[in-house]
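First the structure, in the form of structure tokens, and then the observations on it.
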Amino acid sequence: MQTYDTVLVISPHADDEVLGCGGMLARLSAEGSRVHVLYLSVDGMSHYGLANPVTYEARVAEIDRVAKLLGFEYTIAYGDRQLNERLDTLPRRELVDLFQDHLDRLRPDLLLLPSGDDYDQDHVATFTAAFAAARPIGRSFGKWLVPHVMSYEMSKLQWANKPLALCTAFLDISDHLDAKLAALREYASQHRPVPHIRSEESVSALAVLRGAEIGVRYAEAFEVHRTLL
Amino acid sequence: MQTYDTVLVISPHADDEVLGCGGMLARLSAEGSRVHVLYLSVDGMSHYGLANPVTYEARVAEIDRVAKLLGFEYTIAYGDRQLNERLDTLPRRELVDLFQDHLDRLRPDLLLLPSGDDYDQDHVATFTAAFAAARPIGRSFGKWLVPHVMSYEMSKLQWANKPLALCTAFLDISDHLDAKLAALREYASQHRPVPHIRSEESVSALAVLRGAEIGVRYAEAFEVHRTLL
Amino acid sequence: MQTYDTVLVISPHADDEVLGCGGMLARLSAEGSRVHVLYLSVDGMSHYGLANPVTYEARVAEIDRVAKLLGFEYTIAYGDRQLNERLDTLPRRELVDLFQDHLDRLRPDLLLLPSGDDYDQDHVATFTAAFAAARPIGRSFGKWLVPHVMSYEMSKLQWANKPLALCTAFLDISDHLDAKLAALREYASQHRPVPHIRSEESVSALAVLRGAEIGVRYAEAFEVHRTLL
Amino acid sequence: MQTYDTVLVISPHADDEVLGCGGMLARLSAEGSRVHVLYLSVDGMSHYGLANPVTYEARVAEIDRVAKLLGFEYTIAYGDRQLNERLDTLPRRELVDLFQDHLDRLRPDLLLLPSGDDYDQDHVATFTAAFAAARPIGRSFGKWLVPHVMSYEMSKLQWANKPLALCTAFLDISDHLDAKLAALREYASQHRPVPHIRSEESVSALAVLRGAEIGVRYAEAFEVHRTLL
Amino acid sequence: MQTYDTVLVISPHADDEVLGCGGMLARLSAEGSRVHVLYLSVDGMSHYGLANPVTYEARVAEIDRVAKLLGFEYTIAYGDRQLNERLDTLPRRELVDLFQDHLDRLRPDLLLLPSGDDYDQDHVATFTAAFAAARPIGRSFGKWLVPHVMSYEMSKLQWANKPLALCTAFLDISDHLDAKLAALREYASQHRPVPHIRSEESVSALAVLRGAEIGVRYAEAFEVHRTLL
Amino acid sequence: MQTYDTVLVISPHADDEVLGCGGMLARLSAEGSRVHVLYLSVDGMSHYGLANPVTYEARVAEIDRVAKLLGFEYTIAYGDRQLNERLDTLPRRELVDLFQDHLDRLRPDLLLLPSGDDYDQDHVATFTAAFAAARPIGRSFGKWLVPHVMSYEMSKLQWANKPLALCTAFLDISDHLDAKLAALREYASQHRPVPHIRSEESVSALAVLRGAEIGVRYAEAFEVHRTLL
């Protein structure tokens, strides 16, 4: 794998980063990169028909365990603010400024975004603002131009009304799928059995398909927005 | 026609359901389906340069006549709330929750949405939220997974800045175009003469073109988002 | 209407020019433009299940009547060569050279092509080669750069497996639809009754829809490939 | 499942029908539909670096076993003709006529095509010609208008240079994945182990992902070109 | 150049009109058209990391100099309102009504919009609302149907996550690039040196590429939304 | 720049490799990579209106000078075969086999293709076959899976009838634009002055725009088909 010193992952909710790039995070951590995850909205009562209520503290505890397991540090932008599925109500400039601050301070060489092809308003709001923050202003103008910007995908993304952008960057995670699935299980409040679109079986199936595209057992794939050769 | 027990039609304003699928509604009703139309915004003073003001009560009376003519029951989500052309100001979660409640309560086997390719902000807000509400969560997780989800089209939709999604599902409405046009005339406050994009001539012309695509006199066409074979 | 001195219409078969731009041809002729139609393949035995055989001479006689009615001159590139639905078997360079010769000799200010979004191999071969011939090489390099290049549409074109390019140029043909339909009837060998995709009713219906898009009774619409302001 | 009396599957090579819709074929057969598979090219020496040569007779024997297992009848259009990966050299009209003859004779209510989004020239030639053959000419004009036309997908299809069309029709094959995999194994000459894009693991993984999209264990998904409601 | 009596340019911020169509404005003015620029948001403190604060009055003075140089009149919709990069927080109906009023009052024959393919939320909000305002309602219904609607492009627009719409209308600005660059320099507060995406070198480079597409030294290109022939 | 041991560039004609990636070739060579260019068709009489005839030997001499200047080795697949603009007449399998042989023998870690979005039939035939040759078959199956596959772009590519794929990989060629332009001049038979789409000014202008997208003076950009992280 190409070496990255610093990686910033933007995650709308706590578990998107695992679903989208848990294998890469495990591998980056093993290879010594500094990885920072920025969560947007983390709330106690998750949205849409959750059987068992979960407290904000319990959700943070889940994140702590995952962060430890995958070896990353993290920040929560909107914790316990009841903004779950309401990120579209924020002025976009607020989100752009938030992301821009993180970029200029952390100066990552890899920025990972959620896909913009999502039916979930929080994902769209996050992607759109982060994409704007990563716009191509050269470093000579005082802004950090991230050399590598990509979006991670998830097994749920086929529910779309437009053709999906192709994922063309691949990472072999054959040695890290176990860590990805373990991290997924740590998000017990979000975890669902098969045939859910977020089940371990779905996550593994996507890894098998992406792996076959590069001739390995398991892989993660990414949409490339910018990569400096 | 395939049989549908229960059909939910989501209609941003009162007349979209007729323009988009009035022929299907007449046919469904004739064949014994239960059809429910959920209107989003119905207001007294319609938007953009209406010559004669119309009261909220008059608009509801129009709906009543159309509902009787085409044989459906209905609900108005935001009646007399001055939300016409302002649905984009609602948090999307509010709309998603509204639609999800209807889906879980009515358990329709066919869900009809306005097209997401529209220049009208109410249509876009409605489609986007309803599409999110119809996301693929299996029934074993306590949510109603609608087996057939489609969007209806209108003669006005060519005013777009991106290629339009293809409509690939067709319904022969040769015996029901009259009912569709009659319903259109009941919406006297919205009715416009030729060469308006909402005139009877435009509506008929679209039905002729769609009919020719399946070798019948008149048809309606739909974009397919999900269909269980 | 903007004035065009010379117009070149490329028509895969004899009737495509009427279906696609018969109204414009009538109007151009009435306004004094020189219009030249270049037919690709004209054969005696038309393809796919024609009930009554028709001779090559009969087909040319049809063209003569239409040319007189709509006021254009014409050339047939491949007459009586049994190339109907076989234009894809020609090396593309042969077609590109053919079109380039016509462009350099006629020096049209408007070039009209069949749509490239067609399931018919002759239409695709024609469009693709003509589009290459119209590539942007400046006049200072000895090639005629056509200032206005557009594609005409037909009522049949919705049978596609990709979203269709939008038609954004419009011509009011309210005074010329009759001539278009009369020309269509002259192509007796190709003429079909409703509900055929090439019937007068289909052609009129498309004209109604396009008319409503610009607030007139009937219009033709075109995809814009290049237009010099 | 909706009932289909007669189904025509067009398969460029012997194994595409299993990879794309083996589960549906098993299910259709179990429910009494008549299924006919039309193979395009079957050759003794398969293309691209096959380790062990295989005779034409051996390939036909494989087909016989699969046809028996999944319960379909079949025809081979170009058997032992060395046209493997050379179908693009045929005039398209020849293929269109071939498909049209099958449609008019078999009069299927469901037509299944390979996807047109494929890097393989045989698949593209097959899809394009079959799509043209299925164009919307009404039955009153003496041609069989197929009511349901769809494309099947495969795990290999992500190798593309354009966004892929969405698959929106789904069939639950939870009870038929075993038969699909068994049929795949019968194609011993084509069978490859993991992590090949045609391995059983890849095929199963795609079925898991599609299944999750409709809340079942395994599914196949299809692109909808036309469906009559 | 085709003659336009009245042109309305909608510009999210003060300098977009120069970047996008400064050459055309110079040429239109020289040829006697009445040109009106409608700015959306003009604020004292410009967005994102401006080194030297600039007052609202200074920004208006810049506009005055540019308007004089390029020969247009102008209105500022939201001056000194701190709405820079916050236009997405306005109800879209407010913007649609604003644009519609301008269209009905000025009755332009050419309407120029910012591109809708932009990462900047103000550009998207502006385009989307203006596009809705320009929807095709015929003049017989009391609304001004603009005959020519186009979007201008900028050198920055490649930062996108979807393929960009093609620009197919071209204007030779070989004699007006100097005026365009001079106007750009008047916007001293927004001006940036090479290699900025808004530098004179970038602007000139785009003009060279567009010029080569029509065989002239410098050109501007536009996306066509509607053009009446 | 990421290090590449071996690079294979596929070039339809002699000059495409310079127009598309001359800067990268200069830089790769300077950094010690082995670069191999595979030309498809090189003929004595170039197509379309060349003023001065040029012999095959003269064209090879041009290539020799460019190869020396940019430091690559090369092969000509079809030299002096009069296949210029006739590559579409070859069975695609012949081209796929040709490319596959080169891939398996050279085992490049970077494969550079012409864009598939081109109006030139030779470019399309080359891209399509090379893309098929690079399909994702794992190395465990005896085929060389190229880790990085990209397409180079040219200033002429805007003449298209579909939106163009985005170029998202960038290489700073600020120190190598001179070498690129010098190589361009060596192709004296193909060289054209401004305002030609292949002039030095056009090539430089594209390099300026791509440079601004990553904050450097000059860059080349590439469409990413596959990249292993």
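Going in written order, the chains are labelled A, B, C, D, E and F, and every chain counts its residues from 1.
The criterion applied here is as follows: contacts are C-beta pairs under 8 Å (C-beta built on N, C-alpha and C of every residue); 3 or more make two chains touch, one makes a residue touch a chain.
In UniProt terms the chains read A, B, C, D, E, F = LmbE family N-acetylglucosaminyl deacetylase.
Everything numeric in this text was worked out from a predicted model, so none of it was measured.
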Seminar exercise, completed: Sorted by label, the chains bordering both chain A and chain E are B, F
Seminar exercise, completed: Taking each chain's mean CA coordinate, chain C and chain D are separated, in whole Å, by 36
Problem set entry | Rounded Å distance between chain B and chain F, as computed from the means of their C-alpha atoms | 51
Seminar exercise, completed: By the touch definition above, chain C meets two or more other chains at residues 136-138, 140-141, 156, 159, 161-162, 165, 195-197, 212-213, 215-216, 225
Exercise. In graph terms, with chains as vertices and touches as edges, which category applies: line, ring, star, complete, or other?
Worked result: other
Exercise. Which chains touch, pair by pair?
Worked result: A-B, A-D, A-E, A-F, B-C, B-D, B-E, C-D, C-E, C-F, D-F, E-F
Exercise. Can you list the chain E residues touching chain F in their complex?
Worked result: 155-156, 158-167, 194-197, 199, 201-202, 204-206, 208-209, 211-213, 215-217
For this session: Provide the residue numbers of chain D that touch chain C in the complex, in ascending order.
Result: 91-93, 96, 100, 116, 128, 131-132, 135-138, 140-143, 151, 165, 223, 225
Problem set entry | For the chain B and chain D complex, residues of the former touching the latter | 1-2, 24, 136-141, 145, 168-172, 212-216, 222, 224-229
Exercise. Can you list the residues on chain D that touch chain F in the complex?
Worked result: 47-49, 51, 85-86, 88-89, 119-121, 156, 159, 161-162, 192, 195-197
